[in-house]
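Per-chain numbering from 1; labels A, B, C, D and E assigned in written order.
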Amino acid sequence: MASGGLDPSAKPPRSGVINSAAYCNGVRVADVPLPDLGDAWRYSDRFIWVGLYEPSEQVLSHIQEAFGLHDLAIEDAHQAHQRPKLEIYDDSMFVVLRTARLADGGEHRIEFGETHVFLGPRYFISVRHGSLKSHVGLRARCEAAPSHLAEGEGFVLHSLMDFIVDQYFPVLDALHAELDELETEIFSGKFVRTVTARLYHVRRDLLALKQAVTPLLEVSSRLSRINTPLIPQDTRPYFQDVHDHVVRIADLIEGLQQLSHIALEANLALITVSQNDDTKRLAAWAAILAVPTMIAGLYGMNFKFMPETEWAYGYPLAVGFMLVTCGGLYRWFRKVGWL
Amino acid sequence: MASGGLDPSAKPPRSGVINSAAYCNGVRVADVPLPDLGDAWRYSDRFIWVGLYEPSEQVLSHIQEAFGLHDLAIEDAHQAHQRPKLEIYDDSMFVVLRTARLADGGEHRIEFGETHVFLGPRYFISVRHGSLKSHVGLRARCEAAPSHLAEGEGFVLHSLMDFIVDQYFPVLDALHAELDELETEIFSGKFVRTVTARLYHVRRDLLALKQAVTPLLEVSSRLSRINTPLIPQDTRPYFQDVHDHVVRIADLIEGLQQLSHIALEANLALITVSQNDDTKRLAAWAAILAVPTMIAGLYGMNFKFMPETEWAYGYPLAVGFMLVTCGGLYRWFRKVGWL
Amino acid sequence: MASGGLDPSAKPPRSGVINSAAYCNGVRVADVPLPDLGDAWRYSDRFIWVGLYEPSEQVLSHIQEAFGLHDLAIEDAHQAHQRPKLEIYDDSMFVVLRTARLADGGEHRIEFGETHVFLGPRYFISVRHGSLKSHVGLRARCEAAPSHLAEGEGFVLHSLMDFIVDQYFPVLDALHAELDELETEIFSGKFVRTVTARLYHVRRDLLALKQAVTPLLEVSSRLSRINTPLIPQDTRPYFQDVHDHVVRIADLIEGLQQLSHIALEANLALITVSQNDDTKRLAAWAAILAVPTMIAGLYGMNFKFMPETEWAYGYPLAVGFMLVTCGGLYRWFRKVGWL
Amino acid sequence: MASGGLDPSAKPPRSGVINSAAYCNGVRVADVPLPDLGDAWRYSDRFIWVGLYEPSEQVLSHIQEAFGLHDLAIEDAHQAHQRPKLEIYDDSMFVVLRTARLADGGEHRIEFGETHVFLGPRYFISVRHGSLKSHVGLRARCEAAPSHLAEGEGFVLHSLMDFIVDQYFPVLDALHAELDELETEIFSGKFVRTVTARLYHVRRDLLALKQAVTPLLEVSSRLSRINTPLIPQDTRPYFQDVHDHVVRIADLIEGLQQLSHIALEANLALITVSQNDDTKRLAAWAAILAVPTMIAGLYGMNFKFMPETEWAYGYPLAVGFMLVTCGGLYRWFRKVGWL
Amino acid sequence: MASGGLDPSAKPPRSGVINSAAYCNGVRVADVPLPDLGDAWRYSDRFIWVGLYEPSEQVLSHIQEAFGLHDLAIEDAHQAHQRPKLEIYDDSMFVVLRTARLADGGEHRIEFGETHVFLGPRYFISVRHGSLKSHVGLRARCEAAPSHLAEGEGFVLHSLMDFIVDQYFPVLDALHAELDELETEIFSGKFVRTVTARLYHVRRDLLALKQAVTPLLEVSSRLSRINTPLIPQDTRPYFQDVHDHVVRIADLIEGLQQLSHIALEANLALITVSQNDDTKRLAAWAAILAVPTMIAGLYGMNFKFMPETEWAYGYPLAVGFMLVTCGGLYRWFRKVGWL
């Protein structure tokens, strides 16, 4: 699951803070530096949205102090490699999501990442690990719809999840396309080593995706049924829609896993059939070559009295006999399908 | 799952609207053009039945406006590749079904499609994706039973589901027949490459069918238990009957999957047995040919003093000895079953 | 699952009606022709028991009219290939059972069939499909115990299920015996083609049996817990007993499936081991024969000056050297276990 | 599952009755012959404990009459091959247990058996099938603790179950030891036929054990939760303890099954690797031998003008060339790992 | 599962008692010898923490007497090889945990152990089996946080579980690293015997880990939901956190199991592909060598009239012809990919 690893290159600037702003009625009213977050949050008409990328412990303890977050959640948020989950505290929530997107550059490499979310009344803090690009464009898109954004943290959570979940589809499409290509290669009869390796990598990627998505099923299902003021009643159908997408993704992964499995079995069966055919062909040619060799050996014997060796046409007759025998064998082997 | 793809050829005429009519007491009273749907629906004694095929966004927004449908459902209906599901809104339902039928033309190719249904008081809107032919004949059949049709949207939903579900049976029969043929070929001892390929395609089709049917189980089960005025109490046994058919289909798919799996295992075992037999046969013939070659080599040696070479009958004796040895080996190999 | 097919030969006489009688206090009082069934049923002290075999639509509609049966049940009863199930209507029940028995004639061929039952107050109608012999003797046995028969339809249903379920045991015993035989053959080291084929057929039969029995589990379980006047409270332990038998059958099938699977794996492993041994043996003999051939070739060279060819004992020495080499190789190969 | 069969040898004496005694305050006060059981049971301070071995129908009907047992339970008790289960009647219970112990004699052969128990107020009747030794020593052990025995039938049931369940552990230890031995043999590189056969027998035994233990899980779980005067409240922790042991046994079986499966897969992989190595070795030696044979053939040609054959050192040069070529090939094959 | 065995070397001193102390307000106030435990426990402001290592029966009966522990729990604590579980008695708990840590010394050997815990008001008794090092440092760490330690037995249980559970992660990291290494070796094309053996050992270790962790899931889940004064309400999130870690471990094990399985399948497929390639190469070289041998045999025949043998350039022509043929074959085999 090396492909599940997080890419450590390309650290972001500004002590892990990507963006930190206050919104009023869905409109960005101020950029808020880290030390002022606590004060800014006190305005009851302001909604604070902070975006972090692999923050240091210091940054996290600033955040914890400002919003009064739970120790255990902060500890989790500092480490990557969490499992998707939903923790519900008295008046806040902690959500862990795993992201997956096709890496830039053309080959089908998957870039996994994690996004942790702290959610409470009038604040939304996202902490990204691994893939920096996994929510590029999300904030801009939300700010473009101020009427929705004015609904606050529940709406932003839905937008984020929708955004992250929809990134899985192109990944699955790429794996599906790869499997279709492999299928063609398998049935074209070339059992090149690379087919097996590529099939292995598809299956490994599917495993990693499955491990990312399976716990997400429970998270999205709970969010569409949960009873909390953080998620207003009328956004439930939207979380239900996200859940539907997650179910569809889990279904697709399952289907691709089974497809890759039967493709592997077909591949193995064809290799064995092919080996069988090659053995037969080898045997047939060995037989065809062995017969004239044997006849030649016969007339190579040094007996004094071998009448044929005295004949004027002994040699061409012998060669002719060899040719006829080989030809006969060749035709017979063709007939029984060994050649 | 390429066979799960939707065939994009053969677009229907009239901006995606196949049929759009108003019924009164089960009798078609008027064809209703798209812009008049809203007005037509206001007559409390009219039932509106609209059939669409891969509609454009414009057509769908017309429909949405006329009947006040939910945003999310409209969004889903615009895209194919949904998973069978049942969404229940306040006074309407959205149902996604997957269709499967044998493609015309003789070979066992399966044509998958999707049907989305919007159902509310006195309206029934079906949206087909992929297979255009998947409900040919349904409307005619319903119109032929006006007393039933007068019961409205619940009855039409049942008719549609019954129609779609029953199309799965010939598909499964065809796959069953294919497996029976493959079984015969496997045990006939010809491990031709095509057997493996055909077995693979049967298994791939079964996978695709399973993915279409498994979520349908939940849809049909919920419809037979649901408590809504859209599905009158007395049509429940009919939805239970549809559910029974879906269960039977899921069972058949499961059975065929297991059957194809044991057929594959038998195939692999027989290929290995056959390879073993061929190796033995090859070894036996190699031995039979190697012995006279060796004897001939012996008498081909150029020693001055080889008494046998001086004998008048040395040559025929040597050849005779070769024949006897080969004959003996041949009989021995037959006896131990290598030939 | 061809063996799951119904044997169409041997149609019964009398338009599908095998037997149709009225009972009073457990004693047969009259044979009732089809048209009189409705009238006969009106006597409140009479119990009607009708046995049909693949009835025509006409016969079924007679029956439907006489006892007021549900449309959907009648439709099901007309077709074979139903799944075991239990439908409960207001005051009647519809039960589908699958039968399996060893076909007459000695080879282990399984004869599958179906029995559908309509059960209501004071009537019991059984409809057989496929195997005609699957309830031979049942009626005679019930009539021999009039005190029990007087309890009516619940008792007859139990007798029928007990009868049908007990027929599975000899089938499983036969499959078990076949597996034991196959096990002996597998470990005797003869990987004959027929072992693989027989193993395949055992597994296919087990699959078909499993598909017949799995839904039966739910039917028998519900019957032992159901609350209906049709099944008197005190016959529940008897239905519980039937359920126990079905559980035992399901267990046995599961066990045989797993046993046949590990037998197959052992078979494959042994074939591979055997192939390995044969390859080694082949290689050893090839080496033993190649050495004298090479030496003979050596002395067959036409060099002017080859001292050995001039020696008086050159020939016997060469042959002796060949024999010694071959003998040495032979002993060495025996030692390392290749021969 | 032949090893699941019951050994019919060694019938006990006295018409199937092993022991039949009355106890008062935990002390044996009288041996009670079969016909007097009913009378003895009437004393309200007496507890009756009867031990039977494969009893005849007559013995069982005596017992049934004396204690008023249920028909169905008596029918079950007469036949072996029941599934572990717990039937609860109004004021009595019927328990079926399967026993497994290592057969005497040293090889790891498992002796399966069955014990059926009738339990009611102040009586405990055990019926053994198959393995006679499966409860040797139990009665003596119970009689040695009269204070416990005075608690009556619930205590005896616990003692019996504890006794039977603990016999599974040495069986599993023996199978575990066998698997450890097989593991060593597999990785020692000798793919002897017997490894496959022994692995098969371990797996078959594990299957038979699993089938015996899986239903026992439910029996022991229900006994630790059941609400009946037959099982006093304060013995529940003891039944919970038995249940814990059964869970542990089921866990061990599961673990051994998976271990034997990965051992089989490793075995198959190693056989294939080994076959590959042997093929390479065979090919290398064939090449080494083929080269001098070809050279010798070259100088065996009868051309008039072959300068080398005229040279004084032609022969030793040719032989030398052959040796050099073979040596070179040999070293090259060693280098690439084919030899 | 030999690696699941407990290492019996290195017994600790002092009759199995590692540490036994009384705490007041989280500060160690006295070391308490075994016989004084009962008295020390009577002080209502003292918390007793005893650490044992494979104690003798005497030590355990001392403990039992002092704190009034349940017979069954003491019996369990005396034996290793328990299954992780949680027993709840009236006012005490018995917890069984399995530990796993990387053995010292560098190779990836896993040291399994067991820790049993008796927990009651103001006492905490841990009994270690197998791995002595599995809680080195725990007591020191707890004593360093007296404010927490003052919370008593619930806190110590959490600390112990947290400590034990976190030891699983480095074990899994080591197995993951081993699998990554194996993956590289598999695709490097060397199917050395050791790859199969190492893969087998990884899978065996994963099996043993799974058996240790699966029942732990239920234990940690119950502890985070249980309602008892022993576990104060506000420590529940901490037990929930432990449970999350256990879920993550179970997930990782599952993932590694599936990864090792697809690696094995890829390995087998590559071995088969490789075998196929070697067979083809062997066949190609056999053909290349067979042709000149046959031609040489031809001109080794002793016919009187073979014109070519009389030609001055017959010999070089023949050799040239051989070279050309071999060269042609060589190029052809390269082209079709057999060489």
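The working rule: a contact is a pair of C-beta atoms (placed from the backbone, for glycine too) under 8 Å apart; a residue touches a chain by one contact, two chains touch by 3 or more.
Since we're looking at a predicted model, the values are computed, not measured.
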item: Both-way neighbours, i.e. chains that touch chain E and touch chain D; value: none
item: Those chains which touch chain C and also touch chain A; value: B
item: Averaged-CA centre spacing for the pair chain D and chain A, given as whole angstrom; value: 43
item: Rounded Å distance between chain B and chain C, as computed from the means of their C-alpha atoms; value: 26
item: Multi-chain contact sites of chain D, meaning residues that touch two or more partners; value: 268, 272, 275, 279, 282, 286, 293, 297, 300-302, 306
item: Cyclic chain order when read starting with chain C and heading to chain D; value: C, D, E, A, B
item: Chain B contact footprint on chain C (complex, rising order); value: 1-2, 70, 72, 82-83, 85, 87, 191-193, 196-197, 199-200, 203-204, 207-208, 211, 215, 264, 267-268, 271-272, 274-275, 278-279, 281-282, 285-286, 289, 292-293, 296-297, 299-302, 306, 308-315, 318-319
item: Touching residues on chain D, where the partner in the complex is chain E; value: 176, 180, 187, 189, 237-238, 240-241, 244, 247-248, 251, 254-255, 258-259, 262-263, 265-266, 268-270, 272-273, 275-276, 279-280, 282-283, 286-287, 290-291, 293-294, 297-298, 300-306
